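Heads up, the next two complexes both have subunit A, just with different partners, subunit B and then subunit C.
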Partner chain A sequence: MNTINVDKMTASDSESLIEHHPAEIGVWLFIFADMCIFAMYFGVFVWEKNLNPAIFAEGQATLSAQLGGLNTVILLISSYFAAKAVHSARVFNIDAYRRFIKLTIFCGLAFLCVKFVEYSDKFSAGFDIATNAFYRNYFSFTGFHLLHVILGLSFLAWLLFSTKTAEQLKENVKASEGVGLYWHMVDLLWVVLFSLIYLVP
Partner chain B sequence: MMLNVAKDKLFLVLVALLGITMVSWLFISSANLEEKSLGVVILLLAFFKVRLIAIHFMETAMAHRLVRIAFETWGAVVGGMMILGYLMG
Partner chain C sequence: MTDRKPLIIVATISMVMTTILYAGGMFYISGFLPPPSPALSQIEVVSFYQQNHTAIITGLTMAFVGTGFMLPLCVIGSVFMAEVEEGFPYFSVMQALCALATVIFTALPNFIWMTAAFRVDRSPELIALLHDLGWIMWATPSWGFAFQLICVAVVGLKDKRPKPFIPRWMSYLALWVAVGVAPTPLVPFFVEAGPFAWNGLFTFWVAFFSPILWIIILFVLIAINIRSNEQGDLVGSRL
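Here is the complex of A and B:
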């Protein structure tokens, strides 16, 4: 198996990793554009909250901060695993890489399950996207974020199935960095959504 | 084992992120703050977490200078506008 022992790396090896620019500039542009779209959503949410404070307070009270918080913890842990997978890719450690990708996927699926429980609770209680301004925003923004999670999981699954050997991993380092960045963005956006929708009074 | 965990910078960042999440959570249930102040603290903590994720997980510190500037600007502008908008409500 072709791997680099990090403990035995020379100073120049370490420096070359430190100077390494993660992912392609196009990936950064895509991610930044996506973050700007979400920034507009955050603005819309705050704007509508100011227009309908009573409806938003009532709506927020019906949400489960425990489930939202659980999903935050799950995504933060998944982001850690994704970062570890990228580090493993850079030293061509295929075993560690595949293990961390699988753990990231597992966390992503756990997020979907919690979201399914949360949405089911809301639908069974008679709340949907047409209920009021709060639920329109809640379902639109968390739903759009959920689509990002599903897309991220598809990318991760593609990496897992297309990277089975150290040779394939060498070819997929940049792709792994790109997918890792995308996954971190999904996590980062959820951190703001959770605070804004579930916590801020 | 413990030493390896302590050496893992990413793990320490994760612990910090989880810790801040817990603090935000505890704040809404126990903090004796006026509602608007509570909201501002929660948003500030959220954007601090965003910065930690960007720097340590997304490695913006290692990325091109423009990427770094773009992310710092995004955090400052979006966070600032949200807090301002929230306070105006």
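Here is the complex of A and C:
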């Protein structure tokens, strides 16, 4: 990470510091709008939980906090790799960049595998999206989040295939920042989702 | 380069016609929108069709004519998109084809509901059946619109000209709308009212109004651009 000595900062330094914001403004707009939808999801979850506390407590007891926790750890590690990849992009280190993108993709795929195990457990135990209000919320919210993970994986794969040389990396710094930002949002939303659905009594 | 002004005029007329005919027919005359709850009893559904016979057929006819005007609008979008693409304009063609799917799936339920209202003495079970068929067909398929917006976003992000056909943030917003309409395939799972029923928060209010919001922003940008720039590219780069 760049460390900046504030005392020695010149006017142009501070200007560039103010000027630079990672990724394009459109990515931030996307993230803001998407988080609004997730905020509605969280609101609906809490609202319905207050209407049927018994069903929600019963449903929560059937979830595996271990698998959910494992996925939280996987996504937090993947976010670290994504941050390292963005840093490598800024210093044009193509080898490190490709390595960290691959590691991020690997973590994302691991998340999908854990999710698959978790869903098939629920299906074989006879729970599905139409079972009751708790499972409707559980499957639709985690499913919508899963869609975001799959989208993020496609963006990461696109970065990997379109960035093979240092020249291509120079073209893709902004794009990498955008994908990194999106991936952090997916991570953040999972942390909130995990606490809300698996943990909060 | 094609002369853009007539295209923008035709697109605006189409937009106005779609809005007046579809919104007027569905919200005001027939009362189909906002959607009734899927939990309505058969008696309530049948009395809705029997008591509003003429209004339903008038409103639904207006609305399906209105959906037709979405086609010139979307094809004109493809004209602007094709100027960006090199070689065969894959995404522009894809966008126009998906627009056809959007129009068909928006208009077809109207004929099913009209059939339900057509004979006043039709048996109640059949009216309830056609009612459900129409609503599931209307609310479930969002892929046509999602693919349209993804195509617009891909071309918009590829557009490196100093004056792109839409601002880059509109491309990101289009991607967001495409994600926002994604939950609609959950509609057939829920007979009781809730956030994913066909009148639900995510499957109706977000999925129906977020694309409309995008189109409204697009036309505001076009209007601003026309007032400030008589050359008439679609939106311009300053915004």
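Convention: the second predicted complex is superposed on the first by the 182 of 201 C-alpha atoms of A that agree within 3 Å, B and C clash if a C-alpha of one lies under 4 Å from a C-alpha of the other, contacts with A are read in each partner's own complex, and residues count from 1 in each chain.
Note that a residue touches a chain if its C-beta (ideal position, glycine included) is under 8 Å from a C-beta of that chain, and two chains touch if they have at least 3 such contacts.
These numbers come from a predicted model, not from an experiment.
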Inset, instruction - Please tell me, clash or fit, for subunit B and subunit C sharing subunit A in the overlay. - result: fit
Legend entry - Dominant contact partner of subunit A by residue count, subunit C or subunit B: B
Inset, instruction - Could you say whether A:129 touches subunit B, subunit C, both of them, or neither, answering first, second, both or neither? - result: second
Inset, instruction - Considering only the touch criterion stated at the top, classify A:157 as touching first (subunit B), second (subunit C), both, or neither. - result: neither
Inset, instruction - Considering only touches as defined above, state whether A:25 meets subunit B (first), subunit C (second), both or neither. - result: both
Legend entry - First (subunit B), second (subunit C), both or neither touched by A:34: second
Legend entry - Touched partner set for A:50, first subunit B, second subunit C, both or neither: first
Inset, instruction - For the combined overlay, can you note the least CA distance between subunit B and subunit C, rounded to whole Å? - result: 14
Legend entry - On subunit A, the residue positions that both subunit B and subunit C contact, one per complex: 25
Legend entry - subunit A partner contacts - residues on subunit C that touch it in the complex: 167-173, 175-176, 179-180, 182-183, 186, 189-190, 194-196, 201-202, 206
Legend entry - Touching residues on subunit A, where the partner in the complex is subunit C: 24-27, 29-30, 33-34, 37, 40-41, 44, 129-130, 133, 136, 140, 144, 147-148, 151
Legend entry - subunit A residues touching subunit B - in the complex, by the definition given at the top: 18-23, 25, 28, 32, 35-36, 39, 42-43, 46-47, 49-50, 53, 65, 69, 72-73, 76-77, 79-80, 82-84, 87, 181, 184-185, 187-188, 191-192, 194-196, 199-201
Legend entry - Residue ranges of subunit B touching subunit A (in the complex, touch as defined): 10-11, 13-14, 17-18, 21, 24-25, 27-28, 35, 38-39, 42-43, 45-47, 49-50, 53-54, 56-59, 62-64, 67, 70-71, 74, 77-78, 81-82, 85-86, 88-89
